[in-house]
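Chain lettering (A, B and C) follows the sequence in which the chains are written, and residue indices restart at 1 in each chain.
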Amino acid sequence: MAKRIDVSGLSAYYGSHLAIEDISMTVEPRSVTAFIGPSGCGKSTFLRTLNRMHEVTPGGRVEGKVLLDDENLYGSHVDPVTVRRTVGMVFQRPNPFPTMSIFDNVAAGLKLNGSYKKGRLADVVEKSLRGANLWNEVKDRLNKPGSGLSGGQQQRLCIARAIAVEPDVLLMDEPCSALDPISTLAIEDLIGELKERFTIVIVTHNMQQAARVSDRTAFFNLAAVGKPGKLVEIDETERIFSNPSVQATEDYISGRFG
Amino acid sequence: MASSTPIDTPPVPPVQRKRARPKASGRAGDKIFLGLSRGSGILLLVIMASIAVFLTYRATLAVSKDEGNFFTTLDWNPVGDKPVFGIAVLLFGTIVSSIIAMAIAVPIAVGIALFISHYAPRKLAAPLAYVVDLLAAVPSIVYGIWGALFLVPYLEGLNLWLDQFFGWTYVLEKTEVGVARSLFTVGILLAIMILPIVTSVSREVFLQVPKMNEEAALALGATRWEVIRLSVLPFGRSGVISASMLGLGRALGETMAVATVLSPSFVISAHVLNPGGGTFAQNIAAKFDEADQFGRDALIASGLVLFILTLLVNGAARLIIARRKEYSGANA
Amino acid sequence: MSQAANTGIQERPVPTAAASRNSLSSRSLPRWAPAAFAGAAIVLGVGIGAAAGWQSRIQWGLLSAVLFVVISYVTTSVVENQRQAKDRLATSIVWVCFLLAVVPLASLVWTTVSRGAKVLDVYFLTHSMAGVLGTAPGGGVYHALIGTLEQVGLATLISAPIGLLTAVYLVEYGKGALAKAVTFFVDVMTGIPSIVAGLFILSIMLIAQLQPSGLMGSLALTILMIPVVVRSTEEMLKLVPNELREASLALGVPKWRTILKVVLPTAIGGITTGVMLAIARIAGETAPIMLLVFGSQLINPNPFQGAQSSLPFYIWEQYKIGSEASYDRAWAAALVLIAFVMILNLVARGIARWKAPKTGR
């Protein structure tokens, strides 16, 4: 299922403001790719261009190409709705549907597609919750509202919801930044398991986290405030953290700025 | 009236005299100021209480001499030795016209609110919201003459058509010829009048839906309608309900628009397309000129019922809003 | 969305249900489809309406609206899929709702302006109805204008201070049962029908044997105005940041002076806006005036004694006469009233916008 992402010459705008400029990179399937960089360098914006969520923002538009295997997400006949079903997303703050039960939250994506059988739905929900390491904690209260869970549980619920529709790619936008260390650890373990099945892209502020969970790391930076963000380099995580090829990366990693 | 007394005491002079001792002056000033502002609050409660008391007092004067049954009599004739009047027709007409208004206005208002909050091109949305707010300020008498002089003639064709195709429902059967000065027309006019208020309250609620809830749905691959169904409507439901109740409160008490459009009669008929019927407010406006003192008391009695009706509706709306606040607070 | 830069890289996949899981693109209607549907629906609706001989254009419009929704739904479900069709259904219904509402409201404004402009001139604004036969042309609205200004002015003089002080109490002092009760009853008061407010004052008049006058009308308007003023002032006071209050209190300024010198001046723009919107609301009230001010054809500049007229009441009066000339006067007065209310609204919102940066954080 997991697919390769090929980005070439991608720029994203907010209105007339150029947020990220001319980014090209390849994201390997069945691996975790981490995006790091200082605040405002456009890594979240870039992530959101990978499932066409960027254009939801007022004034947001994109130039360039994003190939998922061989298909351009921004091709003229591509339906953004289909793209988002193929490329799932987990947000910074856990956002379960507040009025829905735990079960319905996980089933939401499947129900949208309309093609499920009652019994199968329960199976998929269980499988997804197990996949998100949440099943044992919630199996007795599937009909309770999802908003009653703790922050870490809510975030895993959101992950379960995202993987229930069997996406090809899973995007995570700082998924642990609103969580305590123990919940963070649980999510990091989960990411390690999920990469067997999905292509995972994660934005993080936490460099240790990038070093722990990712196979490859991309460093983003901006030349100056007000200038667009750019991709500085992308490489094996080990290399980035030990022997990066660009000086700016080393400065950032070693804490000399940012 | 008693309402202006609390402000008459000037708060400034005693304070200025004691300028030398700031602490004491602060205390005296604080006391006076607190007294004034608390007094205003209490005055509001007194006004509300006296509305209830005075209306009830005058109403009992009238109802005690009513030779008919105040609740069931189909007549309004509070003159002579045997005054006979009852509110059955008015209650029926008020409720029926309001129901028609709600049935038309609420779905459309929700549609417009969604249009402004989620569908309209961005450049159109803000001016639209502004225009809707302005329309809420158009006086009801203007709606009234527009309804009577413009809408009524236009609705005749529609009435015939409804009678032709939906006459079998009984409710939409038109058994009397005549212009469309019916409860149905009143309902349509009331619907147009309450559209702005229901729309603007609903729009506010829809705009408050947390961005992240909508993005959650979007990221699952939801279409725009599915985002609205999954995130916006569940979040906004109670807001829409209370907006509707506020609209209902207005429709129930509307006077001039009904008085201009309806051709009143004291009958209860489920044929809403037939001219005739009446509402509380319309009846007061229509009968006031010819009423003597007792007749006015009788009208006050009907006004008391209207007052209670609107109190119930508005109270319910407020309770729903209050509950919603707790609910959304818990999830914030 | 300008991502049309590259097309034709990949061939278009077959849009079958089975294949759609693995491909991103699917058969879709062109951008101009909704406009085409709308055009077709209007043509069909008008055609059918004209052919069937329906005389009312309301029916033509309703039919077109229904046709538009149906055509959009069916075409989309055939060309695209069920989910897209539902989405399109919702979109087209929302658009129809919007148009359904715009048409009558636009017609209201248009009718008022076009018919009101017929007799509206300086003469109309500066003369009363004294000596003018109701069914004859001529006469003016001056006496009603005076009445409205005086009644509304009096009502504002009474309700603005009370409303302001109540709001100050609720925001700055209010805790406990009294504040809760006041909050609740302010809400309830907002919903009192104007005719009930009129009846309340009427019952007092009956008991105290008072005569109708502009003041009585003002008192009823006061009841309608106070809750609006309280609500809007409350909102504005809540926007004043607590740091300001604390800064002032920390300097040893007594609380009442803090409120008068710091809190109220900070919020004054918003408060003014609220009061003006409240004025705009009560200026159009007819029912209480009808019960309490009695109406007059003559100029009576004294609101404390004798019958007066008012703009909304004048409209009602002229409407009831039912002649062409009186209808014209009613529309012209309606135009004056709407202009008055709208100017108040626009100025109020202008003030709010102009003052906004200073009051907001």
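In the analysis below, a residue touches a chain if its C-beta (ideal position, glycine included) is under 8 Å from a C-beta of that chain, and two chains touch if they have at least 3 such contacts.
This is a predicted model, so every value here is computed, not measured.
Taken together, the touching pairs cover every possible pairing of the chains.
Of all chains, B has its CA centroid at the greatest distance from the CA centroid of chain A.
Between A-C and B-C, more contacting C-beta pairs join the chains of B-C. Note: centroid distance chain A to chain B, computed from Cα atoms, is 49 Å. Separating the CA-averaged centres of chain A and chain C is a span of 46 Å.
One simple way to say how far apart two chains are is to compare their mean CA positions; for chain B and chain C this gives 13 Å. Counting partner chains per residue, chain C shows two or more touched chains at residues 83. Shown for chain B are the residues in touch with two or more other chains, namely 223, 226. With touch defined as above, residues shared between interfaces to two or more other chains in chain A number as follows: 81-83, 86, 112-113.
Only residues 1-7, 9-10, 12, 20, 23-28, 82-83 of chain C touch chain A when the two sit together in their complex.
Residues 55, 61-65, 68, 70-79, 81-83, 86, 112-114 of chain A are the ones that touch chain C when the two sit in their complex.
Those residues of chain C that touch chain B in the complex are listed here as 54-59, 62, 83-84, 86-87, 89-91, 93-98, 100-101, 104-105, 107-108, 111-112, 158, 161-163, 165-166, 168-170, 172-174, 178-179, 181-182, 184-197, 199-200, 202-204, 206-207, 219, 222-223, 226-227, 230, 252-257, 259-260, 277, 280-281, 283-287, 290-291, 312, 315-316, 319, 327, 330-331, 334, 337-338, 341-342, 345, 349. Those residues of chain B that touch chain C in the complex are listed here as 1, 3-4, 6-7, 11, 22, 25-27, 29-30, 32-34, 36-45, 47-48, 50-51, 54-55, 57-58, 107-112, 114-115, 119-120, 130, 134-135, 137-146, 148-151, 154-158, 161, 192, 195, 199, 223-226, 228, 246, 249-250, 252-256, 259-260, 280-281, 284-285, 288, 293, 296-297, 299-300, 303, 306-307, 310-311, 313-315, 317-318.
Chain A meets chain B in the complex at residues 51, 53, 56, 58, 81-86, 88-89, 91, 93, 95-100, 108-109, 112-113, 147, 158, 161-162, 165.
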